[in-house]
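One chain, chain A, appears in both complexes that follow, with chain B as partner in the first and chain C in the second.
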Partner chain A sequence: MRRTVGALLRKELLVELRTLESVPGMSLFAVTTFVVFHFALQRSSVDGDLAAGILWVTLLFAAILGINRLFVADADQGGFDGFLLAPVERTALLVAKALALLAYLVALEIVAVPAFALLLLGPSLGQAMPQLLGVLALGDLGIAAIGTLVAALAVRTRARDLLGPLLALPLLVPIVIGGARATSPLLTLGHAGDPPTRWLLTLGLYDLVFGLIAYALFDFLLED
Partner chain B sequence: MAAVQVEGLSRHYGEREALDGVSLSLLQGQTLVVFGPNGAGKTTLLRVLATLLRPHAGEVRVLGARLPGEAWAVRGRIGLLGHEPLLYRELTARENLRFHARLHDVAAGRVEELLARVRLEHRADEPLRSLSRGMVQRVAVARAVLHDPELLLLDEPRSNLDPAAVELVDPLIGSASGRTRVICSHDPGGGLAEADVVLGLRDGRPALLRAAGELRAEEIVELYR
Partner chain C sequence: MYGKGLRALSISTVAVMALALALVFFYAPLEAEQGFLQKIFYVHVPLAIVALCGFVAGGLFAIQHLRTRDPRWDMHSYVAIHMSLIFGVATLITGSIWAKGSWGHWWVWDEPTLVSFLIVFLLYATYQPLRFAIEDPERQARYASVFAVTAGAFVPLNFIAVRASTAYVHPRVLGATSNLPSQMALTFLVSLLGIALLFTTLCKYELTAKHTRAQLRALRRLADRRAGTAVAVAPARARSAAPSVHATAMTAHAPERPGI
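Our next item is the complex of A and B:
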């Protein structure tokens, strides 16, 4: 299984490196959204709940762009059939795609978080950065699990560009809520405290539940 | 022993019957050539035999495994060459073949051997999108036989190939390969020449099933009228 996941992930990252279809689009979308917020709110800086909300909503919509592209090359170029003909565990594709999406999200955040700090955020991120990265990682795991599941479901339909976001958004809302609540104290002037444990646990539990659901359902999604 | 045994196979897409009551038997090492006009169900039959589509009725056995329940047992023993090359356009020929080699647990040396056999070593590091359709088809042939499959499922395998390329790929997918083959063809003369058994399909139903030696090309042409 590890060998198969390695082969699939390597292929996935190679295709992204050659086409640059996901990460640049996601990053550009996030930066543009921060600029729009900057002017629309008519404020030079934000903090606390508002800052956390803006950050997570922007990351969510940017992630949707990546989720929508996740299986397109496989569906359009016969990659699904090539994979299904091989004597390998189907779950390897789920793991590889989720890891690829996770990598895209990390790349997105490497661009988006500094851009957010520069364009909108009032308080300095320095002290809160390690905890912020922890909360982002918890959110990313959930987005990767749900995103991969939804993308696999949507990609074989005719309305995949519409169905993907329609299915993903309601499922990802709890991650945005948990992520924003956990992040809010970190983005408050004077650093109001640590992320609330109950929201971290909520995020962790949500990740676990959807990881298991994706594991249980993925084989059926690949079947005819 | 029968490599492929099909009894009363039916498969539909929504309301439309793509295959209806198809039966056939093919011994190991034999070649079945399937003829029929566009939309007759040839590709659907190949995809069912490749385990990519579930039969909706009837019994299908491939290499001794009953489909769809035992499909896992034959994956990796089937080579499929369809209309789509099942290759990524942004990857090079070598990267594509290495990717499939890893999925099938095949040594990297086999990739180099096949690149040489389809004479693409010199273009092997160019993205597939920059190759001609004939070259992509040669890579697809290499992909289909990479894992040395017992059963080859070929959908118009020589399309896009010039005569020199046909000579290159024939040892891999032709009768000389010694493999059991199911071939979809629109070429009555050429198809009949390499067939042991001929199946004719019309609107998903079997219109003809006979040993190739008992058939004339004109009878196949009749299928298209």
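Our next item is the complex of A and C:
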């Protein structure tokens, strides 16, 4: 299982490195969205609730770009058939894809968070950085689990570009709630304190439950 | 098979609904603050509870479908979710009316139950588009079941998350039956029973209709074959989001179809 996941993950990252299909697009999208927010809100700097909201909405929509593309190559170019012919556990594909999506999200945040701090954020991030990274990591785990399940569900339908976001957005609402609530004290002027434990717990629990749901259901999506 | 007991169920639904309405208008006392407006509570809250239970039931049927591969479970799941969506629309409309009456706005964001219901409704609104976008009936059923299980688990989780996110601005006097006066509680429970019966009856009607249609199609095909018509009967499968259980599985000759 571990070797299969390793091989699949290596293939995913190699394909991404050679084609550069997802991560650059997601990052560029995030930066452009910050610019759009600047003009739409007519503000040169934001903080607190508003900053947390903008950050999470932008990351969410950028993540959806990646989710939409996650299985497209496999569906169009016979990747699923090749995988099903191999005598390996099917869950390996779920784990590898989720890890790949997680890697894309981390890469996205390496670009998007500094860009956000530079372009829009009022208070400086220095002190709050470790905690912010923790909250982002919790959010990313949930987005990766839900995103992989939804991507596999939507990819072999006629309207996959439409269905992917439609399915993903409501399922990701609790992550946005938890992420934005946990982030907003970190982005307030003069640091309003630590992220509330309640929200970190909610995020962690949600990640866990949806990780298990994806694990239990993924096999059924790969039967033909 | 599905039509059995339909008449008795329909009659008891009508009777309980009539009793519930009578209780609502003639027995339950007027609420001190909201007056007559509060009576919508006896329709709105049962509708919401039944719709949410229907969504979860759809998920449970879907688990059965994934375990047994019996297309009938998929049909149950589809019907439960379909009916819950209709009840969900009714819930949102009655909720809006109540919100407008008591708080002066058609929509309030600081009422967690309302907001989480909307999120759940938006998620389930993609159920039929998802089915509609998959051609192969077997895969359609399987994918729809995966969706139904995921969404069914999402219902309680989402309620926890949204509820935790909202400070209680409005007093939740009408939240639980425990702190209702006994007359109101009785009326509420009878209304809940009435709406639940209505849900069951409508589901049963839809299941019966689908079953009968499949049987009819199978019999027609059989008759065509017996008559030896040279005309090739195209399998006129409607391009519909509704699950069309393969007709041969539903005829009297082959009531059970082993796994696909």
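Please note the rule applied: the second predicted complex is superposed on the first by the 224 of 224 C-alpha atoms of A that agree within 3 Å, B and C clash if a C-alpha of one lies under 4 Å from a C-alpha of the other, contacts with A are read in each partner's own complex, and residues count from 1 in each chain.
Everything below uses one rule, namely that a contact is a pair of C-beta atoms (placed from the backbone, for glycine too) under 8 Å apart; a residue touches a chain by one contact, two chains touch by 3 or more.
Computed from a prediction, not measured in an experiment: that's the story for all the values here.
Once chain A of one complex is fitted onto chain A of the other, the partner contacts of A:Leu85 are limited to chain B, with no touch recorded for chain C. Once the two complexes are overlaid on the shared chain, A:Leu20 sits clear of chain B and of chain C alike. In the superposition on chain A, A:Lys11 makes contact with chain B only, not with chain C. Ranked by how many residues of chain A each touches, chain B and chain C are led by C. When the two structures are aligned on the shared chain, A:Ala40 is found in touch with neither chain B nor chain C. In the overlay built on the shared chain, the residue A:Ala73 is in contact with chain B alone; chain C does not reach it. Of the two partner chains, chain C is the only one that A:Leu167 touches; chain B does not reach it. In the superposition on chain A, contact of A:Glu223 is made with both chain B and chain C.
Once the two complexes are overlaid on chain A, the chain A residues touched by chain B in the first and by chain C in the second are 223-224.
By the touch criterion given at the top, residues 149, 153-154, 156-160, 162-163, 166-167, 169-171, 173-174, 177-178, 181, 198, 202, 206, 209, 213, 216-217, 220-221, 223-224 of chain A touch chain C in their complex. Of all residues in chain A, those touching chain B in their complex are 3-4, 6-7, 10-11, 14-15, 18-19, 73, 77-79, 81-88, 223-224. Of all residues in chain C, only 66, 119-120, 122-123, 126, 129-130, 133-136, 138-139, 142-143, 145-147, 149-150, 153-154, 157-158, 160-162, 164-165 touch chain A in the complex they form.
The touching residues of chain B, when paired with chain A in their complex, are 50-54, 72, 75-76, 78, 80, 82, 84-91, 95, 99-100, 102-105, 127, 143.
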